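Sharing a structure with you now.
The chains carry the letters A, B, C and D, assigned in the order they are written, with residues numbered from 1 in each.
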């Protein structure tokens, strides 16, 4: 169970105090560009630009970015392999065939597109995730007509998440210290492992309840009635940064357009 | 003598299905005093504090605030909370916002104060608790001691007349205890009445004016030196005698020395 | 001198992306000794305890157990955990079974002991911690103090050579502290080496043989009286001087009195 | 099993958002109603969300040592009913996408449909049916959790197949392909999740 390193990075980010709307718009624009623009150069440029933003002005360490990307990369690879391998008795001019399995030009192109789209898209999401704490995003939603109670439930979820998470980590540690990880070699050891896991999950459930109940009574003492509204200072827009964001997306599209035009001219 | 800021009269309180935790308890809190509330784990200290802040409704008896009985309807409670604030022992039971500044702003925002006033009070409270540097950090990254201060800041931002604190020094290192004590002294200098529940008898003796001991569902109160000199009461309440009193008793020194300086003074007296 | 039961040599440890918490730290734990570990919140006490029990892998340096280096592969760790057990501060993070007896039996069962032996050890541990009457109660219905004891019982049932305890008395009322101290004395009489991390300097002085202070990523260790008499070290480590030492220093008394009796003895000496 | 960002073409991403939205809005309306009635429900729901998030990060014991995590949506559906899970599940998916890089923003609609809607409804349906027919609670929770997991994985495979039809054998071939690739991990996982459900039930009955 790794710590929530992406969250830590978001809180420490030099862009934390930039307007959420600007960062959100940038991230969404990059994601959409990755999906809609021609894969080469559009999607590739989005990937490169996102990685550059993350490692450059957003000051995220390379190891941190790789850590965050490792889980999606596994899924992307699995998906790419299944797209790459075509099934069926009679593929159209395959590069390679073995029984019902084949690799065809279409499947190669499709798998390539998928990998680039997914990598660039995930990096574009990371631009938002590594610079914007979840709570800022939820506040932004509250300010943009998402009903208050929904945002409050989500915000409290975010707060409780770390408390419940640390309980889970501590319980796991304790179980290891008390030899709760016997190698599964027999029915007996398998039973012990399952019982430990169920005990941990059940305890986490009970503790989540207990935490909620206690926080409720703590909030009652603070005078909470219907709303949990808070106040935070205004964040002035950094016009240069916002212009930079817009310029970046525009530049990617300009390159795409030029690329297409040059290729058409070459034809 | 002026009207006590809070007066508890014959209050009984408990939880559904359980025996009474407090049984016809009376207590007065004088304005500007430092009252320490002592008692074993589970003795009912926290229940008493919750009654004082209005979040627990007594089964019987009454609580007078500046001589006026406290009602438990929404309107009365709202008025009461502007005057009396409770900080619980575990900061995770009160901090609900991810962002420190926002969490501290909850009380003033909830009071309906104008935006500028809210932000000014938040800055003031953060400054008083020496946690201004944490304003933009998330609660979940803070240490236990830091979260405890932020929780106190959340109450202080409401500028209450009475601040009730449940074990504000529990779990802190000695320097953290000293810092918290200094903060409470500053609050008192600003006119806040502080009621502090603690297990730390040395601290209670050194810093309290009056002490109230919760024992056997009852409350025994008096001057802190007298109360803690009563060996029978201290034992029944599962407390310890503070060392200056224990030493004075063993050596037959007069009076109730409250700390190192007073003990040294008594010992070096001709 | 016999081989120390645990020896820490030049250990550095930290967390990913952060500065080192411990920087080339060395420490020996003698068999049968009572070592108190002192230090501020966040100083690295808990990290050091986690290194000792094998839960945290040091970045560099080595930990010797009975002279043998501790490996961090699964097999070595499992062997190590039979000898060295850690009980953390918050019992809620350590009890995960439905009832007390089942929870205490978790360790011995995982050791692969026969059923009778497991039950015998559980009864023994419950008895030692004076919680036999709670055996069939659900863990989460217990009071804080009771849960703390049950958590210790869970470690004791594994009959470790070394028991590491992180703040075993924090949050307990004074009587609860006395009872816990008595339990630790009983454990020691049975031959268990106890390492205890605490903020309570008076307790450390009264009950420890040796003290190790974690300060500025380093560990300074020595006899508990000498270490806690070092005012500069105590201040740097955000601690307080225990009152008997502070009083002795103010009055110019010789030696390092460890508690009330010794102070009275010194004062009444002709 | 979450579909990563960028995986789905725009039309598919939008389409799944359209399909999922009515369910999520319905759930959100329920949540708003319940919290208006009892403000303290906010905290209970938040605890349920936090629990679901943490549960999905817990490793299940397995012989192979490969790490597999429960989805937990079946348990949530039984405890809080599917409409509430549609909302909570979507919140948890958003958290997973931004805190763990697990899932994505444009694929949130598709993931919400498989994990927060299809899974909980199937799981809850199984639970309801077993209880209606007088079956034991253990059987109910087993089926609820394992079928919720299985149906999530089937829907995800279908979503991927629609987006990436096999050049040779079309959507059906692609579906078979995705189903079989993920089956290696998902079928044992679904069974494990069901067993975990029984054990949790037993645990909760004792505390």
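Brief remarks follow.
One rule holds for everything that comes next: contacts are C-beta pairs under 8 Å (C-beta built on N, C-alpha and C of every residue); 3 or more make two chains touch, one makes a residue touch a chain.
Chain by chain, the UniProt names read as follows: A = Cobalt/nickel transport system permease protein; B, C = ABC transporter ATP-binding protein.
For clarity, every value in this text was computed on a predicted model and none was experimentally measured.
Between A-B and A-C, more contacting C-beta pairs join the chains of A-B. Chain geometry summary: the mean Cα position of chain A and that of chain B are 44 Å apart. Computed from the mean C-alpha positions, the centre of chain B lies at a distance of 31 Å from the centre of chain C.
If you average the Cα atoms of chain A and of chain C, the two centres end up 41 Å apart.
Between the CA-based centres of chain B and chain D the separation comes to 46 Å, rounded to the whole angstrom. Multi-chain contact residues of chain A (touching two or more other chains): 7-8, 134, 155-156, 158-159, 163, 196, 199-200, 202-203, 206, 211, 215, 219, 224-225, 228. Shared contact sites, meaning residues of chain C that touch two or more other chains, fall at 98, 140. For chain D, residues touching at least two other chains, in rising order: 203, 207. Interchain contacts give a graph that is no line, ring or star and is not complete, per the touch definition above. Every pair of chains in contact is given here: A-B, A-C, A-D, B-C, C-D.
Residues of chain B touching chain C in their complex: 39-42, 143-145, 167, 170-178, 199, 201-202, 238-240, 243, 246-247, 250-251, 260, 263-264, 267-268. Interface of chain C with chain D (complex): residues 98-99, 138-140. Chain A makes touch with chain B in their complex at residues 7-8, 11, 16-17, 133-136, 139, 155-156, 158-159, 162-163, 211, 214-215, 217-225, 227-233. Touching chain C in their complex are the following residues of chain D: 203, 206-207. Of all residues in chain C, those touching chain A in their complex are 16-17, 53-55, 74, 77-78, 81-82, 85-86, 88, 90, 92-98, 106-107, 109-112, 140, 154-155, 158.
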